[in-house]
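Chain nomenclature is as follows: A, B, C, D and E, assigned in order of appearance, with residue numbering initiated at 1 for each chain independently.
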Amino acid sequence: MTQSAALAQETQTLLAINNIEVVYDDVIQVLRGVSIDVPKGQIVTLLGPNGAGKSTTLKAISGLLKTEDGEVTRGDIHFVGERIDTASPERIVRNGLFQVMEGRRIVEDMTVIENLKLGAYTRRDSEVAADIEMVLDYFPRLRERTGLAGYLSGGEQQMLAIGRALMARPQMILLDEPSMGLSPLLVKEVFGIIEQINREQGITMLLVEQNANYALKVADYGYIMESGKIVLDGTRDELLANEDVKEFYLGGGNEERKSFKNLKSYKRRKRWL
Amino acid sequence: MNFELLLQLVINGLIVGLLYGVVGMCFVLVYKSTQIVNFAQGEFLLVGAWVCWALLVYLELPFLVGFLLSLAFMAVFGVALQMIVLRPMIGEPIISVIMVTIGLSIFFQSLVKWIFGVAPANYPPIFETQSVSIFGLNIELAYLLSTVIALFIMVGFYLFFKHSKHGLAMRATAFNQQVAQSLGISVKQVFAMSWGIAATVSATAGVVIGMVNGVSDSLSVMGIKVFPAVILGGLDSIVGAIVGGIIIGVLENLAEFFDSQYFHLGNMYDIAPFYVLLLILWFKPYGLFGTRDIERI
Amino acid sequence: MTDSILKVEHVSLAFGGVKALTDVSFEVPRGAVFSIIGPNGAGKTSMLNCISGRYRPQAGAIHFDGHDVTRLRPNDRADLGMGRTFQNLALFGHMSVLDNIMVGRHHLMKNNWLTGPLYWFSPAQKEELAHRREVEEIIDFLEISHVRKAVAGNLSYGLRKRVELARAMALKPKMILLDEPMAGMNLEEKEDMARYILDLNEEFGITVVMIEHDMGVVMDISHEVMVLDFGKKLISGDPDVVMADEHVKRAYLGLEDEQLQEAG
Amino acid sequence: EDAVFVGHLADMSGPTAFVGKQYADGVRDAMAYINQNGGISGTRLEFETIDYAYKVPQAIASYKKWVARKEMVAMQGWGTADTEALIAFAAKDQLPVFSASYSAHLTDPQGLNPKTKKPAPYNFFYGASYSDTCRGLVQWAAEDWKAKGGEGKPKFTHIGANHPYPNAPKAACAEYAEELGFEVMPPVVISMKPGDFKAQCLSLKSSGTDYGYIGNLGSSVLSLVKSCNTVGTEIQFMANIWGGDRQVFEAAGDGIKDYIFPTMTPFWDDPAPGMSLVKAVSRVSDPSGEQRRPHHYIRGVCSVYYMKEAMEWAKANGGITGENIKAGMYARKDWVPAGLEGVCLPATWAADDHRGVSQVNIYKGNYNGGDILIEPVSQMTLERRADWLGF
Amino acid sequence: MSSLAMRPCGDFRTSYKQDNTIFETGTIRALAVAFIALACSAPWVLDAYYLTLFIQISYLGIAALGLNILVGFTGQISLGHGAFFGFGAFASAWMNTQFNIPVVFCIPLAGFLTMGVGMMFGMPAARIKGLYLAIATLAAQFIIEDFFARAEWFSGGSAGSMAEPVSLFGFAFDTDESFYFIALFALVFMYLWGSNLMRSRDGRAFVAVRDHYLSAEIMGVKLNKYRLLSFGISSFYAGIGGALYAHYLGYVSAEGFTILMSVQFLAMVIIGGLGSVKGTLMGCVFMVLLPEVLEGGVGLMKQTEWGNIPQVVDGLAYLKEMAIGLVIILFLIFEPQGLAHRWQQIKNYWKCYPFAY
């Protein structure tokens, strides 16, 4: 995507998160003023260490916080101009915003096909069968699995979760660690698919990833979150060039990659969780 | 061996068992979509039967009109109940919700007693002939009709869960409400629908039993009576509920047969099904047709 | 021949029609870091489940530390010194982190439902505190002391993985089975985790059997790597040798040659 | 003192409310009426009615509250469960309990019968015990069998739930039936909750039962009658005291035929001299005087009036205390409370024998298309056999 | 199980022993001791009505704690607790009359006997889970109830069986005032026992089995042993509670130990808070006092003008029952996690006030 085209699209913000704070259980504050913009048609990635609040951010967007006793106490979230931080999750999905939740969360006591059909729950058109074929083409392994989804291997479940999101044909997908537990070959494929559907179907994505190398390869823009705050953001190139990002997220940057074996001492960082 | 008696008892068991099955299906429906075991099931029967009775006796409506009206009332009743009481409980621990249904059961039992009194009442005669004879056993006509209705309902349920989108949605909701919501399923709608259907179908059973035994507050016992049937068939199996119901029905009658003819232990009619239940569960921990939990790590 | 702590002999496992494992045999030398890699659905987790007793293989035998454990219940394997973590987190969600880890001490403790409740008047208190002390050491080692009292189910994914490791360590295992310990972690955290794994291997002398998809980690810290594909053992041996294998490259890594060299 | 307190436990909303409500109304109205008409020789009868819905813990709590706070001198109770739960407390507190639980084992105040587990020195009830009532019915059945010219041994079956209340007369009655030449069939169990009893009716039919004693009450009785009609049995049903009244006939409709049941009082429309007082009592809660109360109501009135007269005796002999009331109960023989002549049966309580009434009035009822016809068939008087005390 | 949030801000522990205590702070411990001391003086201050309520709370509360160990801690729903309670009552009375064992020993023995029976009926738990197990326990409820009515030798059949009062060194605890101390002692003892259980090895194993039985087994917990044991311990508590009930009343009748009682126990546990020892007691107090308070309300109504109209007075009984149902419903709608949870939140709020976050 050229610089100017990106600029042109930036005016068309699909998802705008404006300074939100999130509290769990009335007492545990997790997000402390987070703002993220996702322009239409782009892939935006959100990076950060464990417990930073990435998943919480996604759940705040998709409205699923409420089911976990969480609450957006400040700020607002707009999707296609409509305010959604108070809307019900199903309404948000109907508006075209679909989340692939962390940890797969497929419906275990249904078959693969039934899971895929469920993904298309909000659709009314008749092309569901064709889309199932499309997903099975993306992930041929799933075709052979006729039993219950609960018996799939971890990676297979992850494929199913991504496939299910495609079935919804949303405007935008929130992906929470899609590459988790996938073999290197598949990781590559999945990111290929992500890029492909972004390009071909124009689906906007907000991608939470630990695999920063890949994430920054496909993303147009990135945010880095630590302890419930955005500490850094920039275009892909800006982030790739940043020394800290290189050191902490990409691994070594220009120098030779350090071996895991030779790290002699732990880096002691103070984290306020 | 008194074969004639045995045959009659078995037929009796089959027919009563089918009725257990119908009530059992309502359990299954609610369970399948909400994971809740509805302890207020019996009260659905009770309320439905009394409402129909009131329509027939006070308003003197023809049976069919009164019956359909009471079904409509129960559909609204089920949905309203869900909206007022159970909706706030969405996402709360299942056991708390189950307790709420117990509360509902206490509430409605007293309410009905208050309104309609504690004395049992009879439906006005509806059919010309009260009973017909099958293999020498006289069976109430209402029962026979109910078996036909039961079969219809059963087939309907089966198709619903197997093929409609809503059936899938219900199953997904039961699996995990959060996941269902993330798929765009309105958990509220699913719940309202299943409670509405359950209340309506229960009312049908309530009216049938009311026609045979009279309406009284003890109709609600049916709610407990069908537990063994539902478990035997498998909590989440529509077919299982029917099969379980029939097994329990026949079992009760067989127990009565052997007890009265040979053992003379007393009370076997009520207790024997529970022994058999324990036995069957030992070998089939998820009932005859229930899906096993996925145990994987 | 080196002393092997785990011997898997001709293990086969099928679920209905799905053949998860077919005639897999391998040995894990005492004190090694042994990695199992392979595409998704290759049967890695199933293999671990057979070792730890969740699944019973239909054929074959498993020996652990001189005992034939093929038919043992999982809890008896814990007694023998086998600990593990899980791919899809399996913490006790409503318990505190501390209690989670204390459960790991279960088989090492003696107080029971009669003596435990008599807390002050029985050796129970002393025992509890003694084990608590050791658990605290593990907590310090894994740097999770700040969440010691937090409810495990509410922790973030990465922290939960670490608590799982702590729980497995609390068993005082001779061998520890790790199922994708680094999934869902960023580079920095992977480095930490690698450090912990190396330490528990080197300092505590615990044998590690690990499933991992991150090739960097696998290459760097394991002594031996085994590749599973479609339930069959493809190859095993020295990490460098395994990575150089054509099959592995194509079926699993999907790397072209230059990339592979770069990574190596 | 110008007031004494009497607690009143009632089940008006629980599982036995079917008859409990009516009995309780009788008790309540009678106590109120006594108050309106001079009380206990001038002493006011304070009382409180608690609907404990047949829940024992609540009964105990209420009892304790009354003893502790109201200095209760006597209690009007109700069911088997609560009466039995309170036996020990009543004995300790020396507080007479008048209940409607007619279990025979409450009639042995000193434990003279070796079968008696626990003497109940402070328990009284008005009426024949369940055992004695059943014996009376069996006596009648024997006569009836002869009168009908029945051949061979008639068959007798006890029908009822496997619960203390229906079971109470089971053994005693079976023993006596055997004595009278019945063939006693194994008991048939039907639950206290109504349901479909066709299976049990088929058993009854196949065993050829001639006389069936119904130990249950309320709607399960109706279910039984209906189911047996459908199946087509020819059993002569005999109900216990709670199993037969107008309500049962109204609810059962045409299915009910020649149904035999006992009473301890006349019916509302019977021309007994004492009925005017009963009707006056009834006006307490029904000023219009239109309600036609069932015999359970009248039995409640009797229960209160025996207590009242014992209290009067107590007042004249040292004050209204529990102990004195108990003594008052023993003071007379074959007595009927003043004003209730022809309503309450003459009763005698003695320190070693609390079988107050040993007479059973037996009635037969038919529905007759809505025109309920109830006619007396017999009157049985039972011996006071020593081996029947408390059994 | 204390959590960080439960401690007052600024309270730091210096030893593991302190950290492991069942009383979160010294103040709470002192309060607890003071409360017990105060409770000991109750018979001189309160009348029999209050005492009987307390005694009820104690025997029901003990049994309810047993149920919470089963349901709340081990995650196995039981609908047969009422029957086990009844079994304890009969067992104690039976041992006393049949073998002349002194009542003080009969009570714990009844606990163990009930434990045996509970484990027998808990055996399916090795294979059956969740609601299937719940219904299996429902079967236990009906089977045991039937046994009471049937087993003349054990329960006295329809005549019931009598139970001697507790006596120690020739002193009979046969009044409310004296029995109160037995009840108080039993309550405190059993609750301490329960609290300690939960912070020691087997208690943790129960919770582990509840939360994730597959991984618990891999962590070395014998699954079936603990599933069965929790049935055993829960019945043990039920048996003790039942035995106290028997010797308080002096008489046990086969009536009353019905499914309704089981449901009532379940209500106590859920309203109190699953998996909370304190909560169980709170739930029990709630369920015992609720009908009493409502009865009080009914009593007040009766004293007004309305009290003279029988129709209204009779309706009150139903209103009261409805109110019980309604209160349970409303309570759970607003406090689905139970009283213990609310208690916690109130404490959190005040402990950290004014720093709510």
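By our rule, contacts are C-beta pairs under 8 Å (C-beta built on N, C-alpha and C of every residue); 3 or more make two chains touch, one makes a residue touch a chain.
Computed from a predicted model, the values in this text were never measured in an experiment.
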item: For chain C, the least number of touch steps when starting out from chain A; value: 1
item: Number of steps on the shortest touching-chain route linking chain A and chain D; value: 2
item: Distance-to-centre winner among chains (Cα means, whole assembly as reference); value: E
item: Greatest separation from chain A - chain, by CA centre; value: D
item: Centroid-based (C-alpha) most distant chain relative to chain B; value: C
item: A-B or D-E - the one linked by more C-beta pairs in contact; value: D-E
item: Approximate Å spacing (C-alpha centroids) for the pair chain A, chain B; value: 45
item: Chain centre separation in whole Å, for chain C relative to chain B (CA means); value: 48
item: Intercentroid distance (Cα basis), chain E paired with chain C, Å; value: 41
item: Chain centre separation in whole Å, for chain E relative to chain B (CA means); value: 32
item: Touching two or more other chains - residues of chain D; value: 13, 21, 162
item: Touching two or more other chains - residues of chain C; value: 54, 86-88, 90
item: Where chain E touches two or more other chains, by residue; value: 146, 149-150, 214-215, 218, 318, 321
item: In the complex with chain C, residue positions of chain A that touch it; value: 24, 28, 47-52, 55, 102-104, 141, 147, 151-156, 158-159, 177, 180-189, 210, 212, 248-251, 257, 259-261, 263, 266-267, 271, 273
item: Chain D - residues contacting chain B, complex; value: 13, 17-18, 21, 162, 186-189, 191, 193-196, 198-200, 202-203, 206-207, 218-220, 222-223, 226-227, 230-232, 247, 251, 253
item: Interface residues, chain B side, partner chain E - complex; value: 31, 37, 39, 85, 88-89, 92-93, 95-97, 99-100, 102-111, 113-114, 224, 227-228, 230-231, 235, 265-267, 270-271, 274-275, 277-278, 281-282, 285-287, 290, 293, 295-297
item: Contact set on chain C toward chain B in their complex; value: 49, 54, 86-88, 90
item: Touching residues on chain E, where the partner in the complex is chain B; value: 71, 77, 124, 127-132, 134-136, 138-139, 142-143, 146, 149-150, 214-215, 218, 259, 263, 266-267, 270-271, 274, 315, 318-319, 321-322, 324-329, 332-333, 336-338
